[in-house]
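Residue numbering begins at 1 within each chain, and the chains themselves are lettered A, B, C and D in the order written.
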Amino acid sequence: MALRGLLRLGEVAIRVLDMAAAREHYGRRLGLHEVMQGEGGRVYYKAWDEHDHHCLVLREADSAGMDYFAFKVYDDATLTELAPKIEAFGLKVEHIAAGVYPYSGRRLQFRLPSGHLMQLYAHKEQIGNTLGTRNPGVMPDEGVIRGFRINRLDHCLLGGPNIDQNARLFREVFEFDLSERLIDVDSEASLALFLSCSTKPHDVAFVLQPEEARFHHVSFLLESTYDVIHAADLIGKYRIPVDVGPNRHGVTRGATIYFFDPSGNRNEVFSGGYVHYPDTPTLTWDTSELGAATFAQDNIPRESFLTVLT
Amino acid sequence: MALRGLLRLGEVAIRVLDMAAAREHYGRRLGLHEVMQGEGGRVYYKAWDEHDHHCLVLREADSAGMDYFAFKVYDDATLTELAPKIEAFGLKVEHIAAGVYPYSGRRLQFRLPSGHLMQLYAHKEQIGNTLGTRNPGVMPDEGVIRGFRINRLDHCLLGGPNIDQNARLFREVFEFDLSERLIDVDSEASLALFLSCSTKPHDVAFVLQPEEARFHHVSFLLESTYDVIHAADLIGKYRIPVDVGPNRHGVTRGATIYFFDPSGNRNEVFSGGYVHYPDTPTLTWDTSELGAATFAQDNIPRESFLTVLT
Amino acid sequence: MALRGLLRLGEVAIRVLDMAAAREHYGRRLGLHEVMQGEGGRVYYKAWDEHDHHCLVLREADSAGMDYFAFKVYDDATLTELAPKIEAFGLKVEHIAAGVYPYSGRRLQFRLPSGHLMQLYAHKEQIGNTLGTRNPGVMPDEGVIRGFRINRLDHCLLGGPNIDQNARLFREVFEFDLSERLIDVDSEASLALFLSCSTKPHDVAFVLQPEEARFHHVSFLLESTYDVIHAADLIGKYRIPVDVGPNRHGVTRGATIYFFDPSGNRNEVFSGGYVHYPDTPTLTWDTSELGAATFAQDNIPRESFLTVLT
Amino acid sequence: MALRGLLRLGEVAIRVLDMAAAREHYGRRLGLHEVMQGEGGRVYYKAWDEHDHHCLVLREADSAGMDYFAFKVYDDATLTELAPKIEAFGLKVEHIAAGVYPYSGRRLQFRLPSGHLMQLYAHKEQIGNTLGTRNPGVMPDEGVIRGFRINRLDHCLLGGPNIDQNARLFREVFEFDLSERLIDVDSEASLALFLSCSTKPHDVAFVLQPEEARFHHVSFLLESTYDVIHAADLIGKYRIPVDVGPNRHGVTRGATIYFFDPSGNRNEVFSGGYVHYPDTPTLTWDTSELGAATFAQDNIPRESFLTVLT
């Protein structure tokens, strides 16, 4: 009870075209902490206020996009309990031994109906947030919070077909809530589905796309709207390509900016949004209010926001 | 899985000495929404962004303090499941029929080892947050967010003996995490225990006091530190007695103000704090850092903060 | 010495196509305080933290745009001293008697080289900011700060030819500083000139336009970037047409939003910007950095921003 | 006209007991930029967004306190014009040649009726704010804004006798406005006088003290209340002694924190406050509202705030 099962998005693995440019972006610009270079030249990052070893893995490749995303679960017994349920749902589960992924316990891996590779794991080495656990204080040393002042990895939005099946998996097997959805005003078909396993408005979301396994964005949490403005100033300073400047989402009510890494992968930094609980009513947006659903401060739907994925 | 069992502090019932003054305070000053006057002259309030009918109940009485606090649980089956476990823990459970508490389903009631009366319920009528659930938008009409701009009831801090037993109940039976604790630096005895069933740093907390069933404060969530400053300005304008002005807690890292209602009950409004998960290490503060644990912007322990309860 | 001569932009008179819609916009949406309806159906507004009777005059007409703008000067002797200097500069000065403009002392009126009608006055009845002058406190009663939470009229940007001559008048006769300028990178011709008579980065600005007497925008001061975000939320809620959503100017460094009143007149609300002094170096932007000069959080020049005027 | 005569507080020279501790405080903690070590071991600082070479001079000495404060004036002719006026007021003016103070033009020096040594100068070498003056952008490189994120030196508050004579000098000779005053409610004697030569609520202030030439505090400007909270967090982290934690002044309406340097000199960082103009009515506070005048978020007068000076 309390918070159990899938806890949070714990790891996103992204393909980049040029690792040097990617490190400049994620390390020096965003200010994520590089914790390791690993096999195949992969580079691992954590956000300052996370305790686990890393949350972001970059791999140099010929195409941008996402290799996999992984949720941390409550404990190893949760993995044992979930594996047959996922199989029963109809997905083949691959069992990956502890240590195959660095600093990580064993993992379950399966491909979602949308084509995305998803993993679950219960253990990752904790290296802390630099404050310690005895009389920790509230402020890390200067330089620990840097760049965009990112606190945590928060969620990702993924594009593909069969998003209703994805949502059914998350709701029935993983017991997520459908916090919000965007539907076609005429057909009522699902266009985007937002799923929460916590008090956040979403922990993962899916947007309907014809192609499988598309990556819309990975999102990082900032502490305040003031930090969103600060990040926007840095985005401007470093001429980082902006998709949508400071605005507020209708969905989730978060204050947001979208921009691209040098490989064209979309990133988001955001702050705020309402507090979600399992008994919060599902919010439904339809395409008659597509602008308000996406960008509530001007109600303008952005073509690029809906069609550019990696 | 996901968020199950006890969801959140859903209701606090407070005794006030003068209902007119209390309504001035909670309604006109804090800006909570009065939704009903009920039996025995009780007055019921909700915060704007909550969906349930009410979160705060005031009752006029000869002494200030708290009558009971109540957590909402995931569903009725959770009540059925919990009742024998609470009994097995050693507490007598009273079953209260649906409707005895207005707009509420059945409740379990029991007295904690600290002397506090606690309730659990699975259902309360939802009246929404005024935005609706179809293309809701993000901003309620002007006047809905008012006064201190309170979003939600958040947590309460309660004083009494046997707080380790309280914590054992919450951890073993309710499966809360011990997010933080304050201990005596010499004896290592627990002085204050902070317990979370969500991603909040605490959902309830207990502070050691010799007398049973004491009320330290009820806390309401604001959206930003800017709103904390705004609330402080209103507190000053209306000459509301301040306990501790704008500061940041060491415990939870929240930006906070403490003040008193006209009956002497302590209130808090706060914003921020870190994101907690079940795998977040428990943070331990000891009395050698009592100032930093309580008020991290000046490290000064406040006598009144530790000793004035209702 | 100290602050003398022209003090500030004290009054802007705007033409609107539909007074009812304009009152909805400036009064109910922006939250300016309507203080009077006057001759010819004119409606007068003040911002809450101004002391003078009004700062904005609306007049219903067949075309949108600005009738005149007026600076308040230090005292009546300043008017006496300036009149011959303005004439010597080559502009015909019209003397308007006290009382012709309501609650106002005598005015000087003249047409700028850009075609705009400008006025100077030394006296306007003061009605205060509701706080009083004896132990005033810091917070007006609730409802006084409302809508977009506008503190003050701040500046206006006007379009027309001959802006270098305008600037020469303001610098040589009115002793303003040229705080910033935007020039063509090739010809070095002035495209926009920003002029300050205070510690603000600009008190008035001119943008080169082929047509005379064009109105680009009137700007109102907010207290914080948090209020800019709040205004953006209201703009979205009320579907007010947005020109440019939350962003930061390169010029002045202010955090800004541009939007339109129902007649198509552009409004700005903003917060922040650097502190200017007469010894602050003039900043020069050229058209190779037109995006950064205008909107520094994405470096994108907006066609509409440069070409849509009333 | 416009902004002329005395422009701003441009330099404060402070005595410290231990230069190493002082450099740790002003340089590493507050994040001011050390620009030079000079004669007699003096250390010079500037705030990042100032253009002049330095604004703060530290000198190691046996007692804490202020050596002198200096206003920058519009031009050299202003010095020539002011010297005889200051003499006519009754103060002996010492003429200090250019170059005696490093990077500085000639200075006038005189002792105020309150015993404080005041200087005026028209020239100081400008080294800029790192952004340059051609297409400067809005964000300096990371590391330029650091520590408490101080933008500028703002004002100082000085204690001594004869503050009404001080104010008469500033009003009659320097043409400052009396923006606010604190008086004894019975005798109406002046207890504190706040004087402005700009749109700031005060550029200098004097508080009645029996001893001459006492130093109450030097104040630095932050960009936002969010930065005030950030500074408070750092003050807590580094255990900097706090005089008064985050609060809002009644006088000026600024959001403020007071703390002490290692020598016991009081510092303030603040943000906000109303916009002052010469026609803004003088605000009067009396001792019946001493709490609200000083700290408006709790209306509590602080004994230490009124009596501890260096």
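Throughout what follows, contacts are C-beta pairs under 8 Å (C-beta built on N, C-alpha and C of every residue); 3 or more make two chains touch, one makes a residue touch a chain.
This one's a predicted model, so the numbers in the text were calculated from it and none came from an experiment.
Note on connectivity: the fewest steps through touching chains from chain A to chain C is 1. Across the assembly, the mean Cα position most removed from that of chain C is the one of B.
Put simply, the C-alpha centre of chain C and that of chain D have 31 angstrom between them. In this assembly, the C-alpha centroid of chain B lies 43 Å from the C-alpha centroid of chain D.
If you average the CA atoms of chain B and of chain C, the two centres end up 47 Å from each other. Among the residues of chain C, those touching two or more other chains are numbered 137-138, 224-226, 233, 236-237, 248, 292, 296. By the touch criterion stated above, chain B contacts chain D in their complex at residues 225-226, 229, 232-233, 235-237, 239, 242, 245-248, 255, 292, 295-300. Residues 137-139, 142, 146-147, 224, 226, 233-234, 236-237 of chain B are the ones touching chain C in the complex. By the touch rule above, chain C contacts chain D in their complex via residues 1-8, 49, 51-52, 72, 74, 78, 126, 128, 133-138, 151-152, 174-177, 196-200, 221, 223-226, 248-250, 253, 272, 274-275, 277-286, 288-289, 292-293, 296.
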